[in-house]
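Next come two complexes, and both contain subunit A; in the first it sits with subunit B, in the second with subunit C.
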Partner chain A sequence: MNPHANMIIMSSLILGPMITITSSHWVMAWVGLEINMLAIIPLTGQTTTTHEQFEASIKYFLTQAAASSLLLFSIINNVWNTGQFDITQPTNTLSSTMMTAALTMKLGLAPFHYWLPETLQGTTTMMTLILTTWQKLAPLTLLMMINQSLNTSLLVTLSLLSMMIGGWGGLNQTQLRKIMAFSSIAHLGWMTMILTLSTKLTLLTFYTYITLTTTMLLTIKLLETNKMSTAMTSWTKSPMLNATMMLNLMSLAGLPPLTGFMPKWLILQELTKNHMTIIAATSAILSLLSLFFYIRIAYYSTITLPPNMTNYSQQWRHKNQQKPYLPLMIITSSMLTPIMPTFMMIL
Partner chain B sequence: MLKIIIPTIMLIPTTTMCKPTQLWYTTLIHSMLISLLSLQLFYPSLQPIMNFSNHNLQQNQTSTPLIILSCWLTPLMILASQNHLSTEPLSRKRTFIITTIILQMLLIMTFSTTDLIMFFVLFEATLIPTLMMITRWGNQMERLNAGTYFLFYTLMGSLPLLVALLSLYSNTNSLSILTMQLSPTMLKNTWTNSMWLLAALTAFMIKMPLYGLHLWLPKAHVEAPIAGSMILAAILLKLGGYGIIRIMSTTNFLSKTPYYPFMILALWGIIMTSLICLRQTDLKSLIAYSPVSHMGLVTAATLTQTEWAYTGAITLMIAHGLTSSLLFCLANTKLRRIHSRTLLLTQNMQLLLPLMGTWWLLASLTNMALPPTINLMGELTIITSLFNWSNTTIIITGLGTLITATYTLHMFSSTQWGELPQHIKIMTPSHTREHLIMTLHILPMMLLMMKPELIWGPLYC
Partner chain C sequence: MTPLHLSYFMAFIISMTGFMLHRTSLISTLLCLEAMMLSLFIATSLCPIQLQTTSFMLNPMLILTFSACEASLGLSLLVASSRTHNPNNLQNLNLLQC
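Up next, the complex of A and B:
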């Protein structure tokens, strides 16, 4: 891409959520979201060789624009009812419900998740990375700031629905980026479950999710696999990365003692403290659905190797590209559970 | 306690850095040294002084035998895996040994922790190395299914366990095993408390396994490599028993009705799985079903919550661990020679491999709980405590013992006696390594026969 255009787009992409996060005025928050959306549309629309890629960016634009306008409407409704634009003041029921709907549409929570799998599939892997991690920052921050006026039962319903859809939807997928989309839906479900009870835990889950998803998508990019069938031969490109991909997948699934278990454990603890035991047990068991497709990827790529390969044979045209920060991320995504009290203290 | 954990962790760099020709010797000798070091944990059993404890890691008579058994089993696993890993490249051999060592480390920490949540995290953590062992180094295509069954059965039970432990934490604000044993809470027989008990116990019942929830066990045991089968049968099943003992000592229900479903399934499972063993054609599957019946006895005993029952449970767990692991090693020697697990393909092995016949005899005798082995001590204590709990259980347990003896004799006579099959052309003689494995299994059993107080758990003080 043209370096000047690239600079403008990248700086707007970073500027948008920064404005949203640091604002206390509703209109500034909305402006930040709009800057972000306008910046990322050219990035998602970069590759338009196939029809699917073209459709992905259009779907993304339409969904985000609709969500932004719904958010603007709920802001105006809030102003009409309470007479002030301050984010930190409580809002009335209608405004907060509409804001919930708009922000969940921006995030990709159920039942507004239909755009997410195709959008993540239709763009490049780096764009998938940005869409799943950076784009979630601004809407989630807004949700956290208005958490005291939100309806707990609505949020719990949405999050249980997200976990179900994230689990069951990913079961039939073979494309890795679509699988990451459904995993994103399920993780966002865990984040919004605990939103009204403890924003600290939402933040912790978000940070853990960013680390795990970034590691996974960077691994996918390095191994140049997009489907499960190409993942089966990824051990010829980098066997060590293959093995750590398995650990990363188990961490995404939330298996102890890896990092992904830590937010789940703390969320379940907070839920049982508030006597929501059945909801806690249900959400724990729903995470087993996503465990199945993570384990399936781990089986195909790492644990079972083709029967005719007992000697290690490397791919003959092997580009040795490395990302120096990837080992650190892998360690962070596997081994953080023993220092859990540190996170409770600093968040 | 760190004297044992740190050397075990340090075995991992040892494995990566030792010379290729010395890989097996080095890991074997070092893990054997660690297991000899762990024997000193028996010392507090002989006196009421507890020397090896701090706030985080503590052993009492319940957990000490299991720690020592898991340390003892690692060199045996390394010994037994040499044959089937000989064709693999060096890095995979190292990875296998590292998986074994990680499993041992997690098991030691599981049995010695003082906090129930830490116990849970480590209990779950043992799943990952075991899954890797089953699905990566198993033999048949069915191992994928076996790994999935293993993982999902265990996790389906243990996630409610996590929620149950967290709700106990929010009620009592402490999950330390030490303080909970001293003040067990009396619970009324309400729906909530019954559900709590169901959630807390199901994970361990699946792990034991209880009869209705046992479908993962034959798959996992049959498809696992020999080291995986050994560690599964000897220790990982006993994790369930240990967990039940810990949970049961923390709560006391005012009426015994919530325990009835588990008790019924356990007792009925003893008979049913013993009968299934009689009908098996696959040798490894036969040996895999026998833990279900023995662990049914252990489950029924631990649910009665008496001193004799706990003693019998721990004794039978140790004895059965050694016996089952020995039987799997014997089946593996047969598998390596004829590459088939069918029971009837090798008959009259006593003629071809007479020394191995001795080990088959000893294994069968201990499996059917011949006096004066420790298997009999455990079973008899359990049968007595169940008789005390309810007189009619003697029918079930007695019948179970009878059928156990029947299928064990059937297995022994099928492999050792009978007509020599015509198709066997080559039968390589027994390796010294194989004799060593069998000796190292039988030796603790014989020695424990002399001083069984070491594994009697809380009865001895």
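Up next, the complex of A and C:
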């Protein structure tokens, strides 16, 4: 891409969520979301030589535009009913419900998740990385800022539904980016479950999710795989990365003693403290579904090695691109549970 | 709900329904998006009636600017696909299904 355009787009992409995060006026928050959307659409639809990329970007554009309009509608409804534009003041019920709908549409929570797998599949891997990590920052921050006005039962219902859909939807997938999309839906379900009870834990889950997803997507990009069939024979490109990919997948699934276990454990503790034990048990059981497809990838890529060969052919090995920050991310995504009290203190 | 409140409320809901129920072309979707933004522009412009202030608000102009940018973005996506691929591109958005 043209370097001038690239620079403008990158700086707008960074600027948008920063405006949203640091705003106390609703219209400035909306403006930040709009700048974010305007910046990322050219990045997602960079080449229209394949129809897939255009399709992904048009789906992304339509959903995000509709969600922005719905958010603005609920903001204006709030102004007409309460007379103020402040984010920190409580909103009226209809406005807060519509804001929840709009922000969950932006995030990709169920039942507004239908665009997410197809969009993440259609774009390049770096764009998938930005779409799953950076784009979730602004809507999640807005949800955290209005968490006192939000309906707890609505949010718990949406998050349980997200965990179900994230688990069941990913079971039949073979494309790795679609699997990452369903894992994103399930993790966002965990984040919004605890939103009204403790925003600290939502933040902790979000940071952990960013680290894990970034590591996984960078591994996918380094190994140049997109499907399970190429992931099976990618151990020849970098055997060490294959082993750490398995650790990363176990961490995404939430297995102790890896990092991904930490937020789940703390969320379950917070839920039982608030006498929501059945919901806590249900969400723990629903995370088993996503565990299955993570273990399936780990099994076929790492555990089946020669002389137990798979039926798929070997791949061309291109010159290995190096990502110097990947080892740090791998360590962060596997070994942070023992220092959990530090995070509780910091956040 | 006053008639004024109801009017922009229903205008937004009807255009949103039109946005969701498109079938033939992508242009009707973009038109409905513009209609949604227009109803919101009218709503912000009529805020002083409800809030009973006479102060100048920059709100409507901000909203109008960003909705124009968004619409042009949508249109450029439409044009980019129509030039190289099928112009009736709404029926073919099924390549990426699970």
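Worth a mention:
As a convention for this text, the second predicted complex is superposed on the first by the 335 of 347 C-alpha atoms of A that agree within 3 Å, B and C clash if a C-alpha of one lies under 4 Å from a C-alpha of the other, contacts with A are read in each partner's own complex, and residues count from 1 in each chain.
The rule we apply is simple: contacts are C-beta pairs under 8 Å (C-beta built on N, C-alpha and C of every residue); 3 or more make two chains touch, one makes a residue touch a chain.
Computed from a predicted structure; not experimentally measured.
Applying the stated clash criterion after superposition on subunit A shows that subunit B and subunit C can sit side by side. Within the superposed three-chain arrangement, the count of touched residues of subunit A is higher for C, of the candidates subunit B and subunit C. Looking at the shared chain after the overlay, A:66 reaches subunit C, while subunit B stays out of its contact range. Residue contacts after overlaying the shared chain place A:21 against neither subunit B nor subunit C. In the superposition on chain A, A:31 contacts subunit C only, with no contact to subunit B.
When both complexes are overlaid on chain A, the residue A:122 reaches subunit C alone and has no touch with subunit B.
Judged by the touch definition given at the top, the superposed model places A:57 against subunit C, while subunit B stays out of reach. Once chain A of one complex is fitted onto chain A of the other, the partner contacts of A:83 are limited to subunit C, with no touch recorded for subunit B. When both complexes are overlaid on chain A, the residue A:250 reaches subunit B alone and has no touch with subunit C. Using the contact criterion defined above for the overlaid structures, shared-chain residue A:261 touches subunit B, although it does not reach subunit C.
Of all Cα pairs spanning subunit B and subunit C in the superposition, the closest are 25 Å apart.
Those residues of subunit C that touch subunit A in the shared complex are 5, 8-9, 12, 16, 19-20, 26, 29, 33, 36-37, 40, 43-44, 47, 50-51, 59, 62-63, 66, 69-70, 73-74, 77-78, 80-81, 84-85, 92-93, 95-98. Interface residues of subunit A, counted against subunit B in their complex, comprise 250, 255-257, 261, 265, 268-269, 272-273, 277, 280-281, 284-285, 287-288, 291-292, 295, 299, 303-304, 310-312, 337.
For subunit B in complex with subunit A, the residues that touch the partner chain are 87-89, 91, 117, 120-122, 124-125, 127-128, 131-132, 135-136, 144, 147-148, 151-152, 155-156, 159-160, 162-163, 166-167, 169-170, 199. Those residues of subunit A lying in contact with subunit C across their complex are 27, 31, 34, 37-38, 41, 45, 48-49, 51-52, 54-59, 61-62, 65-66, 68-70, 72-73, 76-77, 79-80, 83, 117-118, 121-122, 169, 172-173, 178.
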